[in-house]
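Each chain gets a letter, A, B, C, D, E and F, in the order it is written, and its residues are counted from 1.
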Amino acid sequence: MWGMMKKIEAIIRPEKLHLLREKLDMKGFSGMTVTEVKGRGRQKGITLQWRAGDYRVEFLQKMKLEMVVEDRDVECVIDLICEFAQTGEAGDGKIFVHPVEDVVRVRTKERGCGAV
Amino acid sequence: MWGMMKKIEAIIRPEKLHLLREKLDMKGFSGMTVTEVKGRGRQKGITLQWRAGDYRVEFLQKMKLEMVVEDRDVECVIDLICEFAQTGEAGDGKIFVHPVEDVVRVRTKERGCGAV
Amino acid sequence: MWGMMKKIEAIIRPEKLHLLREKLDMKGFSGMTVTEVKGRGRQKGITLQWRAGDYRVEFLQKMKLEMVVEDRDVECVIDLICEFAQTGEAGDGKIFVHPVEDVVRVRTKERGCGAV
Amino acid sequence: MLLSVRSLLLCLLLSALLAGAASAEDGAINAADNAWVLMSAALVLIMIPGVGLFYGGMVRKKNAISTIIFSFAVMSIISLQWILYGYTLVFGKDIGGLIGGLDFLGLAGVGMGVKEGLTIPSLTFMIFQAMFAIITVSLITGSYVERIKFSSFLVFSLAWATLVYDPVAHWVWGGGWLQQMGALDFAGGIVVHITAGVSAMAVAMVIGVRKGFGTDPMEPHNIPTTVMGAALLWFGWFGFNAGSALAANGIAANAFVTTNTSAAAAATTWMLLSWRHRAPSALGIVTGAVAGLAAITPAAGYVTPLAAIPIGIVAAIAGYYAIILVRGSGRVDDSLDVLACHGIGSTWGVLATGIFATIGASGLLAGNAHQVLVQLLAIAVTWGYSFVVTFGLARIIDAVMGLRVRDDEESVGLDISQHGEGAYM
Amino acid sequence: MLLSVRSLLLCLLLSALLAGAASAEDGAINAADNAWVLMSAALVLIMIPGVGLFYGGMVRKKNAISTIIFSFAVMSIISLQWILYGYTLVFGKDIGGLIGGLDFLGLAGVGMGVKEGLTIPSLTFMIFQAMFAIITVSLITGSYVERIKFSSFLVFSLAWATLVYDPVAHWVWGGGWLQQMGALDFAGGIVVHITAGVSAMAVAMVIGVRKGFGTDPMEPHNIPTTVMGAALLWFGWFGFNAGSALAANGIAANAFVTTNTSAAAAATTWMLLSWRHRAPSALGIVTGAVAGLAAITPAAGYVTPLAAIPIGIVAAIAGYYAIILVRGSGRVDDSLDVLACHGIGSTWGVLATGIFATIGASGLLAGNAHQVLVQLLAIAVTWGYSFVVTFGLARIIDAVMGLRVRDDEESVGLDISQHGEGAYM
Amino acid sequence: MLLSVRSLLLCLLLSALLAGAASAEDGAINAADNAWVLMSAALVLIMIPGVGLFYGGMVRKKNAISTIIFSFAVMSIISLQWILYGYTLVFGKDIGGLIGGLDFLGLAGVGMGVKEGLTIPSLTFMIFQAMFAIITVSLITGSYVERIKFSSFLVFSLAWATLVYDPVAHWVWGGGWLQQMGALDFAGGIVVHITAGVSAMAVAMVIGVRKGFGTDPMEPHNIPTTVMGAALLWFGWFGFNAGSALAANGIAANAFVTTNTSAAAAATTWMLLSWRHRAPSALGIVTGAVAGLAAITPAAGYVTPLAAIPIGIVAAIAGYYAIILVRGSGRVDDSLDVLACHGIGSTWGVLATGIFATIGASGLLAGNAHQVLVQLLAIAVTWGYSFVVTFGLARIIDAVMGLRVRDDEESVGLDISQHGEGAYM
């Protein structure tokens, strides 16, 4: 089964999640897991206000979206994410694609593509 | 060392965590990392109540359990998860198996199987 | 592009994050994503106090640090983590290295090493 | 001309600054009444951050600070507006039934001596009334949360207090034309809740719906905080209503009891309504309580405890369906249902006062049908005036400085974009 | 028969609705006392959501709303129960020492005029007492959190107020047999805390332990919320105890001081006990304060400030070990230790009243050993009555409608399963 | 000698225990004033956990419980210290202008009878004053959060109350030398806020900066909690200041109004300052309010409402830049800016009292330049005394038992390491 599924891990802006989810849903990608994370990269941290003066927070709120999809859907999902999570400013995020060796549905113990 | 260890990533119902942890512990799998996540899949979102009327939340509380184990333990762990995290209703979750290339114990810099 | 990038996933003590981030930053590793997680391993859970008497919590606060880096930087990052996240006590954490098949920058759709 | 007004002002300010409050005539002050009204003022004050928490729990996490701090900011600026000129616009010598004169500008002549016709110091009366002005402005904030520009919010609040609250309060309580006609409003059904509710709707119409309204989930991010806010409201409302007796007498006791009863009846009713729909909602219970409190406000001292039960029940039913109606329309986003809870609740309350009044006044059931007409007139005028002036005001502010934050600021949340802060770390 | 009772009721209701409260005889009202007791009533009211927050922080996140809203719901339904028939069952004309007559049904005859024997309006007395009935019911909720069906909780609460609270309150405060015997209970040690604590244990026994009790961690999910709740309790308890003097006199001052002192002594003691065990627990400090407050309640006006120190200390020690004992048994899950904190704490307090009373009554140390016996009798009877009736009541409700939610509803949490809501997003 | 002191103590304690409070001479008690001051005491009490929440929201999550529980623990131990010997050290018969005698040791002779020169029971006066002692100690906690050992915190608090608060309070309010000189301090600018602010700085210097100070982000983890705390402070401050009139008279009304006005002016000013810098900070608004409240405290009953405006404005400006200065130095870590908010704010307030006083006293603008000098002297002496004694005390405690937790305990957070608890699960 090796190589037939991939995990797409996208770090995006939190405010883009709802629109993106909707668009993914429309294309039939409804299985996903999201996590609140904090990130930094090109877009460095942020300066927040103390009572008087500032302090720096080095990490920004991001949302991590994880989807395990079949090989052939990878490009489609990547395109959707790039389209709907983009603002054009630094901090839009990254997509990482990881190999998945196996998938099991807890409820039925089905394996592989059928399990997602 | 390639191929000798795997990461098992299981998305389960939060209320199943304690029992499952206990059972894994009994079998000697005590190393794990858990994250609160939100998910959707077959089991769609949930309708919650506003003051009057409803609104939809598209994501449900799930728990992500990550365990890096040796190859030969993968099936055993999968079986345990399927056994103790199951209710039979949609939403029980998925297990994803990922390759791990290396493992390091921060404390000792040990590598590989001995490090987990 | 296979094999050219790796995801380093480190579970560390939360209080080590800031120092480590600074050190990584100095060496030019500024892209990263962190998640609050809970973990257990050699260092078992913790006993907390109820109003009178105790209860056990089986999981401890940890921080998960994820960095996608080029192959050649993996060892350097591992060394930095081991150096600055260590206390010598059980519970310092683990580093897992995962293969990454592809990387995309959402903002520009750049791919591969250039995207991180 | 301008100069002379200025020097007049300066004179007044200086004299007040140095001696204004010193002309005490303690003779007729009743210490018990003074203690009662001052404590009541403190109770109303705690309602103001209470509104902030009540609202703050119901917005999304990224707007928590913004929503909570609205009320705190209102407490700060309207406190000043009130002592500088708000009080005199309401309680200064009546000018044509429409507005108060500038007699008390900068609290000139408002001192520790007894307030004419009462048994408490003028300052006590003044500060008790201040709390009403403040809380009214803070109630409105619920309609435009999650998208208003902070600067525009401040300008709007100041202008609204001056152009809507102050005149209407004068009409009803300051010797103005509605009071002369005999309109009954024990503790602010007309003055506080109708003005706030209707104006909330008007400004919501001008500012437009939130981004993603109707598609994105707009989930209440912290319901315990909302319950905490509601608890402070119920608690403080005793000062609001029973304090409005302005003396620690039997009327105060009665108002205290009717207040509690209406809140309880409305909370119970709302709970049952949401249950019929699906399950007894906690958000529904506390919302019901607030609607019941808003409804009893104009009636509190005039009706019996048992009359508070139907008042509360009807308020809950009206409020519940008003929310469904307004939200169902999908066209206007009165985000935290200010019109439904306060405007509708208290419109019913003002009418109910005309029906059930038996204490110190007579309503329909006591044989005085005329009172109902007076109440209806007061309702109609206040609705009309509040809506029109607020709508215009909001349009002007929108044209001049923009009411709304930029799209990306709204997406990121007002906490970061307007205040440079994050609620929870 | 039925018909005539109905028409009687209708008559009473209508007359109360229209004029009941209007028969004021303000003559003997003391405004200061009225202000004092009304403000005290407001202070007790804020304790009720305070209980909700105090408890709500100690449950798991998935049951936060459920736990917090219990108290709010109790505040709503018992407010109505009390004015409709609870008050008269307690304070109506005594029938055989056991229960009050229906004289005040629907607040008939309870108006703005002075309450016989006091210096405050009947309505003031009535509403102050209402808060006691409400809070007693809300205290019990701590024992069955995280697993009770909301509908059963409502039925239980209403029935319990009627069958346990109302009779016992009548016995001790309404002219009933315990009062006739001279049992001392200044502000509700017997009436409030023993009944609540013992009944909590009884219902916990019937409903059974939480799923995972003893194996899963049942961690308090938000300790700051619990501290906030405890703060409101300490604050409001001044109204509870000092307000029970029913006048702003020296007794009120004394009760205020003893209340503060006992809370402080017990909090300090509990802190030290948990420290001995391991570390000074914050949860322990606030729990100690509450145990100390429960213990001083029956004694507050009768003992000197210094006597409040041993009362607080012993309450903390007794409560601390009671928790360890009860939880250690592993058989009954009085989830938030209502018996240990309130029942045990106040049992000691009632006894201590018999020992230390020197103000307006004499206890053992003042040479009156008899008082101790009376107190012991009152304790025994209240324990027995509360336990038996509550146990039976819980069994009946369980049989008829089921006390507990389904297993999967419990797993998912009561917020989602009972209310269709989530506390934090 | 020792023995006789002991037996004296025992005698006193026993007599107080059994009858001390029973010698009531209710004759001259004014029930309204009694109600007013008791309610004010309750209001001040709620400020204490308010301080805890205010501070608790501003620290990192891992120290939330620790920070919040400081105030609760102080409330427990200082309540006892005060009734046992604190009160007598302050209000006992003056000894050489420096300290009170032991007349009231263990509340001997402090009963329900009227307090000489006042219209309220001695116990009422005593407990109102107790709240001031407690809150002063709790204010200091803001300077050493996130790193102090809990045991050392307790020892420090007890010793500080005894060695700094009690003497200074005696000098200013207990008939001591500053009072004899005519220093004006209406509600505790010198006694409460200067002592707390300056001592906070001294102890911060001894304990050292937090690990990571200046490099790690020290983010406020829950700003809504801080706003909630600030709301309780503003609310309770009415009891603090207006209650200090010790009667429900016109002075109380005036103090109530000046309090509200200064808070509002300072909050508005601080908001504008942070806006100039970047954006209107919510944390800034509530901090401004607290600085304004601290500043008006010594002046509240002596100045007119309008004078409260400049008092508030200057307090905000001074506080704002004081924070920037102190934090900018990078050398001392007064973590929650106690010196800047309370010390600086109230130093200005004490001076301003000497300038603006017109009610019941005369300041500079009323032609009495001398008052300014007296105020300056009082400021200087209190700064010096507080700093020196606290610095020494902190050094001694540090030497004897260590002020600070171990490095790893600090890293992990005080909630886990000092209390074995976690705030949020």
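We take it that a residue touches a chain if its C-beta (ideal position, glycine included) is under 8 Å from a C-beta of that chain, and two chains touch if they have at least 3 such contacts.
Small disclaimer: the values here were computed from a predicted structure and weren't measured.
Using the contact threshold fixed earlier, the set of chains in contact with both subunit B and subunit F is A, C, D, E. At the interface between subunit A and subunit B, under half of the residue numbers involved are used by both copies, so each side presents largely different positions.
As a whole-number value, the distance joining the C-alpha centres of subunit A and subunit F reads 51 Å.
Inter-chain spacing, taken between the CA centroids of subunit E and subunit F, is 33 Å. The set of subunit D residues touching two or more other chains comprises 30-32, 35, 39, 217, 219-220, 222, 228, 278-279, 281, 283, 419-422, 425. Residues of subunit B in contact with at least two other chains: 18, 35, 48-49, 54, 57-58, 87, 98-99.
Applying the touch criterion to all chain pairs gives A-B, A-C, A-D, A-F, B-C, B-D, B-E, C-E, C-F, D-E, D-F, E-F. On the side of subunit B, the complex with subunit D involves touching residues 48-58. Residue ranges of subunit B in contact with subunit A, taken from their complex: 6, 10-12, 35-42, 44, 58-59, 62, 64, 78, 81-82, 85-99. Within the complex, the subunit B residues that touch subunit C are 7, 18, 21, 30-35, 68, 98-107, 109, 115-116. The touching residues of subunit E, counted against subunit C in their complex, run 217-220, 270, 273-274, 277-279, 281, 283-284, 287, 319-321, 323-324, 327-328, 337. If you check the complex, the residues on subunit D that touch subunit A are 62, 212, 215-217, 408, 411-413, 416, 419-422, 425.
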